[in-house]
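Lettered A, B, C, D and E in written order, each chain numbered from 1.
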């Protein structure tokens, strides 16, 4: 099934948080204006939404960043395209052991998300704060750390697990939404926080190349970028998710 | 030692036991016989506490064992050796290991246990099969191991359900000798279910005949055999009516049952001598019940005082069961 | 912290997820049984001491079986994407989850079944063999019938393992109770949903286990110790 | 029908069969007897193709069955009914279902199958247990079901390993009647392993005695019983030496074996009459081997022509086995 | 496309991950057996037709068992965080994975064990009962010994199921082969790592299964059909 015909419901694959919530808000409150029908399909995985998009099971997805999409297209050669950014989830570095970045001890245990996107982002956050230096590769992982003066010990964990394991690490790089849900306040509790402005890690809408100019996709992109959605995001996520 | 009172047990509509009352004196052997499906195994299983009776009491050594539980029950069980009907050996243990089981239950320490197992293997003639597993034994060998196991912990009561059913006459003889010695030397009380009249003949003091869940005959074997009408006597004594010798050549023909050495050895010649009659055995024969010789003969008598001779035999302890020819009887 | 999800919403979540779980687990159990039992039979027939010993076939079958059993669910899912698409016409949603679930469960059932069949009493099998019965008849009338209670119990074990596995249905958007617990409960730090889903899962599982225990007992004609 | 040639089979060091050669003619019954562990079951299992012999051949109806496989093997198996030693019923099938198994294997359609099962249940006297499961049957009932199952598909050969071991004499009698009728009416060839001499006496034409995996005696029962030294005769015939009647009152005492109606019924009176001797039976008795009456008597003779009478009996077909008193014998 | 990971690196990844897998699965199997077998015994003893029937205890035990069996791994992990921290002094890493793995496997083993013990032949159990043996002795010498081959096979099934489950070790940074396949192979689109890990997993599993089959057979003293 190639979801080309215009009368079809638009099937959009999303990650549960916050993408699913944002898209459901659109589907329930705004889609009718444009005569759009949206089916929200949630994935707890970061590969399947792209695979499903490529094979036509989905018409679009909304869960990834531009760098992640680039890795995917490079590896798979698939014809999928970036449509528009929607939001940024700024990563923060948190700790229950130290109050300031420079108090981080030698050999400190630092947890990171273990999915490719967030791992790279986490490492870049640490680099931006002068804790490490990374090799100049596309999507650096913990194996690509060039300089590590404090000899930090990296512990890759599932993203949702990071706040739950905070007690067992010296510091953890945590996604904004998980931090907030776990009762952390990004603005005040974090030792370091990703910048929202000019952040290349905005999550956005992606579709197959053939559908890039489909009216339904254009309409959806427009709704996702609308002021109502921006307000919704601001109200709902208190700064852990920032509209672009 | 074992008293069973008014025991009933039914399985979904099948009345396996229908008010069974029995008792077995200490140090005696009771044979339970009866047709297939009569309830013999059910009775044995109830006494072994493997089946809870619907009603009735089972007393062993005065204690109602149906009321026991916990460690009192286990202690009672240790006093009761059981040879179940059919296969019951642990298939993952050697012959020796199977025999050792009750000893382990009784907490007998290792070296003693091993020597006792050795004794028992010897007793049942399977020393060379000590290390064999049940699936490597013949049917009769398995049965002998089950007998050895039941005797291992020197129980005071032994329940054996068809302990010789898979055995040839010789091996049956040796297993029966084992049971008999347990009774004679250790005073074990034995309840043996069997379909083999030879077993009753050889080791039973008492016999109970079960039919459709009821005891239809119960008593001392030696008493019952003298009772012409009893099932036990017809089953245990040599048949008399197969002999084709022409009976018309005698004045009197009668069946007599003689019990004991004195009777069997001397009564007939003595009678012949006393009354001057000619006394021929025209049928029947002699057998043994345990150590006691018992005979049922069909006698052909010639002579005037034939009737007196028969009367005298009766008075002297022989059971003159039937006078087939002559004034009291009917011509053959 | 966010205010807790209202109870009526929790219930409606649970109802929907229960339906999805029962659908995914139900269908995949049926498939796993339909293929796993024959696989187990085949494994046992070709095993040493089986009715048709054949070391070569047995080894190949065993390798495939063990391959399937140790594969992480996600690997199965990836490896099977095109198969799934072929069979159910798509690679996402509850229906698509059934394919990897069933494929993962087939070898699991197969090995359990083999283990059970290998315990059927040799004298009984031999008695059937001497009647001149075909292998198929012996399988049906003896191996399977004699171990039916154990087989039913094994399917019960499988169903419940599948309930656990189906929690990963979320990877391809399948939904269900486990996914509800993970996505809405765990990932969103929604304790009310997490724990009520978990509690309901426990109840559901106990009921399913009870049903299988009953069915196994009902199919059993043997005497069991009453002492 | 069944020919076994030089069969050997050993299990890790145990030589269960040690070069066994046997044959069973079509329509006859061979009894295999011998002590526990002699190899009887192993022999039966080899003929039933449940055990592959180490060497030797087994021919059934001329075909070497050890060479068969696939559907030829299954077809051969359908011709051979087997009653295994011990429990072998499907525990999850009713009595009727167990009996139906060979009929299913033979592809007998439903209605016919049911009526045949009904017949067989009737034959073994268990019509009322049709719907009972093995665990609800007594030991003897299970054994009868196994016999019925073996006969269900009208096999031309029947192998029965201790088919009456758990049965009381009456039920044994009825099972033996079933086997005997199968032979007599359907021409089934039967190999029966038994420890019960009564079985041999009642239904066997031939007997083979196994000991430690070897055939130590093999032949027609009626031939073997006339042979004084044979194990078969001492096992099958009435004992003669238990009778305590004083033998000193006779001129001659001798044991004779008489086979057949004519001999048993008329030989002795005829001898007495011909030679004018007094001829008393002082021991032994009469039994039946199948339908044939066979007697072993200890005779006490008085009269001058006693020796001639004995000689004449020998010429007339009686086997005068032992002259215990008199010129040819030794005084008792 | 990125150039493929060099083979020597693949091998060193595999070696490390194999070590982690064997560690996690090995230790959790030992624990699951140590607790699961007694649980199964207890379930069977208290069951209807067991040696110490006790419906109340049985129902409670059954509920706990079924609860554990159907729990998604992540839920177990969350529910057990504090327990894990108490036992192993932290909630992340291979060692921490062992706790939820073992806890998940205990009820699984328990139910398998119960199913197996319930198949021990009643006449054999009765024979032991009549010797006056204590329940403990009957459990050890009869129930467990008589079904040892089946129990060994069940532990084999558990080990291999645990290998599959341990793929989720990555959630708390446990590593191992499954996690290698998922994170390095699947998520990073590294086919060489994905498929060589999968192939190696299959080989490893087959070897483990073979070892268990052998052990089960070696412990078995029964005759098996040779026809």
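Keep this in mind: contacts are C-beta pairs under 8 Å (C-beta built on N, C-alpha and C of every residue); 3 or more make two chains touch, one makes a residue touch a chain.
Because the structure is a prediction, the values reported are computed rather than measured.
Q: If you count the C-beta pairs in contact for each pair of chains, which pair comes out on top?
A: Greatest count of contact pairs is found between chains C-E.
Q: Let me check something: if the centre of a chain is the mean of its CA atoms, which chain is farthest from chain D?
A: A
Q: Could you pull out the chain whose C-alpha mean position is farthest off from that of chain B?
A: Farthest from chain B by mean C-alpha position: A.
Q: Could you give the separation in Å between the centres of chain A and chain C, each centre being the mean of its C-alpha atoms?
A: Distance between chain centres: 35 Å.
Q: I'd like to verify one number: the distance from the centre of chain B to the centre of chain D, where each centre is the average of its C-alpha atoms, in whole angstrom.
A: Comparing mean C-alpha positions, chain D is 25 Å from chain B.
Q: Quick one: chain C and chain E, Cα centre-to-centre, how many Å?
A: 16
Q: Could you tell me which residues belong to chain A and also touch two or more other chains?
A: As it turns out, chain A has residues touching two or more other chains at 47.
Q: What are the residues of chain C that contact at least two other chains?
A: 74, 78, 122, 126, 129, 168, 182, 186, 222-223, 226-227
Q: What positions in chain D touch 2 or more of the other chains?
A: Chain D, residues with two or more chain partners: 49-50, 86-87, 135-136.
Q: Report the residues of chain B in contact with chain D in the complex, numbered from low to high.
A: 11-12, 14, 33-38, 40-41, 85-87, 136-141, 144, 161-162, 165-172, 195, 197, 235, 238-239, 242-246, 264-265, 268-269, 280-287, 293
Q: Can you list the chain E residues touching chain C in their complex?
A: 48-51, 62-63, 65-67, 69-75, 78-79, 104, 108, 111-112, 115, 118-119, 121-122, 125-126, 129, 147, 149-150, 153-154, 156-157, 160-161, 163-164, 167-168, 178, 181-182, 186, 194, 198, 201-202, 204-206, 208-210, 217, 222-227
Q: Please output the residues of chain C touching chain D within their complex, sorted ascending.
A: 123-124, 126-134, 137, 141-142, 145-146, 148, 219-223
Q: Across the complex, what residues on chain D touch chain C?
A: 48-50, 74-82, 84, 86-94, 101-102, 104-106, 133, 135-136, 146, 149, 153
Q: Okay, in this complex, where on chain C does chain A touch?
A: 1-2, 74, 77-78, 81, 85, 89-93, 96, 168, 170-173, 175, 179, 182-184, 186-189
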